[in-house]
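Here come two complexes built around subunit A, the first alongside subunit B, the second alongside subunit C.
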Partner chain A sequence: MYSKGKEKTWKFFVLLCGLLMIALPIAIGIFLAVKGNALFYQYHHTLGEFLFTTTWKLKDDLVGGGKGGAAVFIVGSLIVCGLALLIAVPFSLAAAIFMTEIAPKWGTKILRPAVEIFVGIPSVVYGWIGMTVLVPFLQNVFHLKTGRSVLAGGIVLAVMIFPSITTVAADAIRAVPVSARMAAYGLGATRWQVTHQIVMPAAQTSVLTGVILGLARAFGEALAVAMVIGKTPAFPKGIFGQTATMTTVIASRMAELMEGSEAKAGLWTIAFILYLISLFFIFLIHIIAAKGAKKNK
Partner chain B sequence: MKLNKIAALTMASAMIMSMTAFADADLSKLSGDVSCTGSSALQPLVQAAADKFAEIAPGVNITVDAGGSGQGLQNVSDGTSTVGDSDVFAEEKLDADKAAELVDHQVCAIGMAVVVSQDVADGGVKSLTTDQLVSIFTGETTNWKDVGGPDEEITLVLRPEGSGTRATFEKYALGGAEEAGEAMENDNSAELQKALQDTNGSVGYLALSYILPDEAQEAMQGIATVAIDDVEPTLENIYNGTYNVWAYEHMYTKGEADEATQAFIDYITGDFSDDVESLGYAVSSKLTKTDGHTGEAAPAGETEAQ
Partner chain C sequence: MTEVKNEKKARVEVSQSLIRRARAVDNIWTVVFYLVALFFLLLLFAFAGYVIIKGFTGAKPEMFRFDRNGVGNYFFNTVYLVFLSLLISVPIGVMGGIYMAEYAKDNAFTKFLRIAIETLSSLPSIVVGLFGYLIFLVATKSQPNLLVGAICVAILSLPLMTTTTEDALRSLPPSYKLGSMGMGATLRQTIQSVLIPACVPRIITGVILAAGRGFGEAAALLYTTGSDTNIKWNPAAWVNPSLNPFNPLRRGGTLSLKIWTSFTASVGAEDVANLSSAILMIMVLSFSILAHYLEGRIKKKMGDTK
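Then we have the complex of A and B:
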């Protein structure tokens, strides 16, 4: 039954939930900023040292005086995520085009649910399978001392971000009006020409959003990468080399370190940088979306 | 429930009547809460002891968590937990005045062994000298053939900085030298075992509690221990003083331990001793040569000078 009191209560409840949604990420950001700045203010490291030097040897005590260069982890994250994109994007786009343009019926009925299953698999499972199947496989095929490598990390991440990119891209392609396709076919264009010159350009911005979403997920993934990358805090020697990323170094060291120590403060700083990076990705998506909206007008 | 109440009452009155007379009082009537946090190397032992202690002292509620030696010391110092488990002396992690408030209970000792992947052992590396160890773990020697092994690249498989296992190994096996060079880092010893298994030419270190117990044999498949200066890493060699890579395991309390905590610690060093050995730890009372392992005699200035 309609009742004004009830409506007000619910309106208030929904508003509260909305405000909480806004407050939480801001609160997390502030928390990370406070925790992370100890490295600079309390232990007197410089941002230049943090970003551009490579020795990460912070002391697990309250005195400090270690070295806090995170360049290896930042570069490690960039390389592994870049590699994952390089592998995942072609597959994702091909899959998206296949399930919308080439075999829409079969694609929607079977391929799409199949891809969506990927999303639900927990990252620890990906990591574990990577560790027990992919790592020995790489070791045997390429005769390596170990299969734990940048390549293994890239492949595992690629498999993980493939479904997010594919589903977003498929939605974007499906959203291109049928009339545009029909007009092109009417002019005598082949299916490839329609896909390549009409559909893909029209879907471009949304597809890019999907790619960035995938990249953001790749950047934030710790567990699965940690299990296959060999966690070596040095620049990788090629694609079969080992390295560490921002997320793996936090995951592997946080448990042993004392709260408030220089080493722990350094990890909080890395966490804050990760937060800033994900903020940056979100802004990027919004900028691209805004540009796309303008163009479509 | 009623029995518990009576027990509690008896306990309370007993405590009021004589705070000092506690000796071998009836454990079954003892009650209290004991929380232990800290060293992940000591955690399995404390947990096993807690499980058995619960049978003879059902009134004492013991919780055991890991979190690292530094965190354990900080927790006991600020009162978050009653016991701080640590691989290192409190003075190495806390301010001097904070460390002075804590009471050290050295419940056992833990040995560390150098371990290599099977291919290295099969290639002839059975023993390494201290100099060779330093050279390997600081990244100077990079091929096994330089230390009498196969022509294979050396891969270091270590624990990250802050780990008590690492600190002990650097102090007693490497003579205080800091590990350097490229190394795979592992969150815990079980993970390190896995990394050794699937990396050819790898070397690392493990606490004997991950090597000696019967339950550990499966995890040790494909991994071999290496003697240091021809002395095998065994409990006997730790006891007779020939194998020096070991450290005391500490259970710190803030001030004197309360009755329940003291009873638990006494239990570990007393009736639990046989289990201590079968879990791969060394019993403190059997140690014959402790030079350099007591807090005062530790290589001085080392922690400050780093």
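Then we have the complex of A and C:
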């Protein structure tokens, strides 16, 4: 039945839902910024202290006066995520190439669904298995006091981000025109030569997008890392050392702190930094995509 | 004469050895790729199998009960929380997808909206959880409850619902819309009674995927739902609304939070965490396999009509 009122309310609700999608990330950013600001304005810490000093001893009261250096957590996140990328990227690329170039039928029918199922496995399950299987394993193999380490965190994260990178990379490789491959095969190139010298360079920018998406996921992952990395808030002593990351300190400390206290304000600041980092990754992806589009023209 | 012949022969030999080398390298890499693929298939099966078998072999019968010591109530909370979150995210996400596919113009605003959706989908779940904690618990001074957790999970699954709906609408043949509009239907009527019904199978696939992800969510619930649960199934106890299982404004730990608290708890909680992992694994696996099966069927059907 046609009625003008119905049309108008319908359009209003559709637009409202679109607007909500814009409002949500902005609102999240604003709330975190307001809360995180307290560390600087109410408790008079400086940004330099926050970013470049290493003593994180904020007081759990309204007076403040503690030390707020988050460098350990920032560096901890960087190291663990970097290690995860180092482990995951070669495997992801190999799996993506296998799916598209080596065994397309077998790859799309079996390996691709399997990889996508990996995406859905909850992070706490990864963390729990990491803690009950991987940590004791590392401890025995390398004769450590405890297997909880940067390496354990890197491995768990690598397994978690591997599927995201693989699916994006496989799509990117598949999008390379068949004619490019045909031309190279026609000149007598082997499959590896075609893959290595023609297909991969052509798919480069899109593959990079997948890697950044994986990195973003690794940065935001909290509980799985917290379960295997230990609780030492110091720079790790090598790959078997323990450290803390931005997400693990939030996950393990937030609940016990008083609302409005200096220590809690510090955690809100870290949460805001996490928000900024994920924004940064999105912009990075857009810049890379824009550059790739320019190159193709 | 012989010199020229020798040179030719030497050249042929060099190029032949180059080809041989290229082929050998090619073979080596093929083997490497096969090994990597095999490794991951094995890893997935070993991982899933280990979690499920270990969980059920270590479980005692009383752990399956829906009471204080069992994981039954946590299982109920998990399903109920995801159900509540879908009640929020499906209508909003579908409407958002309709906006993107049918109403959005090709301008700066739409571009901005797309970036916003991308941002939303890449936000760490712990950040979304903190946001929910801040505006629904700290600002309103309420206690942790299921509804706030459901809102956080809904926020996390909104981008998936929106893009699924948008893709589904865009992949419909234009004749659907043209036919309906040609009969004199308005755009609203066309969307409501022609386009959306045609998209239902795909939207359901999206809902199943979103549910599968929601089951395992933990970081967003850490500060929003409370990690324990004390619901009672005897209606006589429901005088106290915090004991009523169907009250969304009560505390309610999920299976994933049970696993997380086992990490921080003292020894003895291991068997419960193993069983929780196994149940979660089965839920997630069955939902994602179902989603893949449906997607495959939809693709097949679309292929047939062409």
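In the analysis below, the second predicted complex is superposed on the first by the 285 of 297 C-alpha atoms of A that agree within 3 Å, B and C clash if a C-alpha of one lies under 4 Å from a C-alpha of the other, contacts with A are read in each partner's own complex, and residues count from 1 in each chain.
The rule is simple: a contact is a pair of C-beta atoms (placed from the backbone, for glycine too) under 8 Å apart; a residue touches a chain by one contact, two chains touch by 3 or more.
What you are looking at is a predicted structure, and each value in this text was computed from that prediction instead of being measured.
*Asks:* Which holds for A:Ala251: it touches subunit B only (first), subunit C only (second), both, or neither?
*Replies:* both
*Asks:* Regarding the shared-chain residue A:Pro233, is it in contact with subunit B (first), subunit C (second), both, or neither?
*Replies:* first
*Asks:* Applying the document's definition of touching, compare subunit B and subunit C: which contacts more of subunit A?
*Replies:* C
*Asks:* If we overlay the two complexes on their shared chain A, which of subunit B and subunit C does A:Glu259 touch? Say first, second, both or neither.
*Replies:* Touch status of A:Glu259: both partners.
*Asks:* With the two structures laid over each other on chain A, which partner does A:Phe281 touch: subunit B (first), subunit C (second), both, or neither?
*Replies:* second
*Asks:* A:Tyr41 contacts which: subunit B (first), subunit C (second), both, neither?
*Replies:* So A:Tyr41 meets neither subunit B nor subunit C here.
*Asks:* Under the contact rule defined above, give the subunit A residues that sit at the interface with subunit B and also at the interface with subunit C.
*Replies:* Touching subunit B and subunit C on subunit A: residues 131, 226, 251-252, 255, 259.
*Asks:* In the complex, go through subunit B and note every residue touching subunit A.
*Replies:* Listed in rising order, the residues are 40, 66-71, 73-74, 93, 95, 152-153, 155, 159-164, 182-187, 194-195, 198-202, 306.
*Asks:* Which bits of subunit A are touching subunit B when the two form their complex?
*Replies:* Those in contact with subunit B are residues 57-62, 131, 135-136, 139, 145-148, 226, 230-234, 242, 244, 251-253, 255-261, 263.
*Asks:* Would you pull the subunit C residues touching subunit A in the complex into a rising list?
*Replies:* 22-23, 25-26, 29-30, 32-34, 36-37, 40-41, 43-44, 47-48, 50-51, 92-93, 95-96, 98-100, 102-104, 112-113, 115-120, 122-128, 130-131, 134-135, 138, 155, 158-159, 162, 186, 188-189, 192, 209, 212-213, 215-219, 222-223, 256, 259-260, 262-264, 270, 273-274, 277, 280-281, 284-285, 287-289, 292
*Asks:* Looking at the complex, which residues from subunit A come into contact with subunit C?
*Replies:* 2, 6-7, 10-11, 13-18, 20-22, 24-28, 31-32, 35, 91, 94-95, 97-99, 102-103, 107, 110-111, 113-118, 120-125, 127-129, 131-133, 159, 162, 190-193, 195, 213, 216-217, 219-223, 226-227, 247, 250-252, 254-255, 259, 268, 271, 274-275, 278-279, 281-282, 285-286
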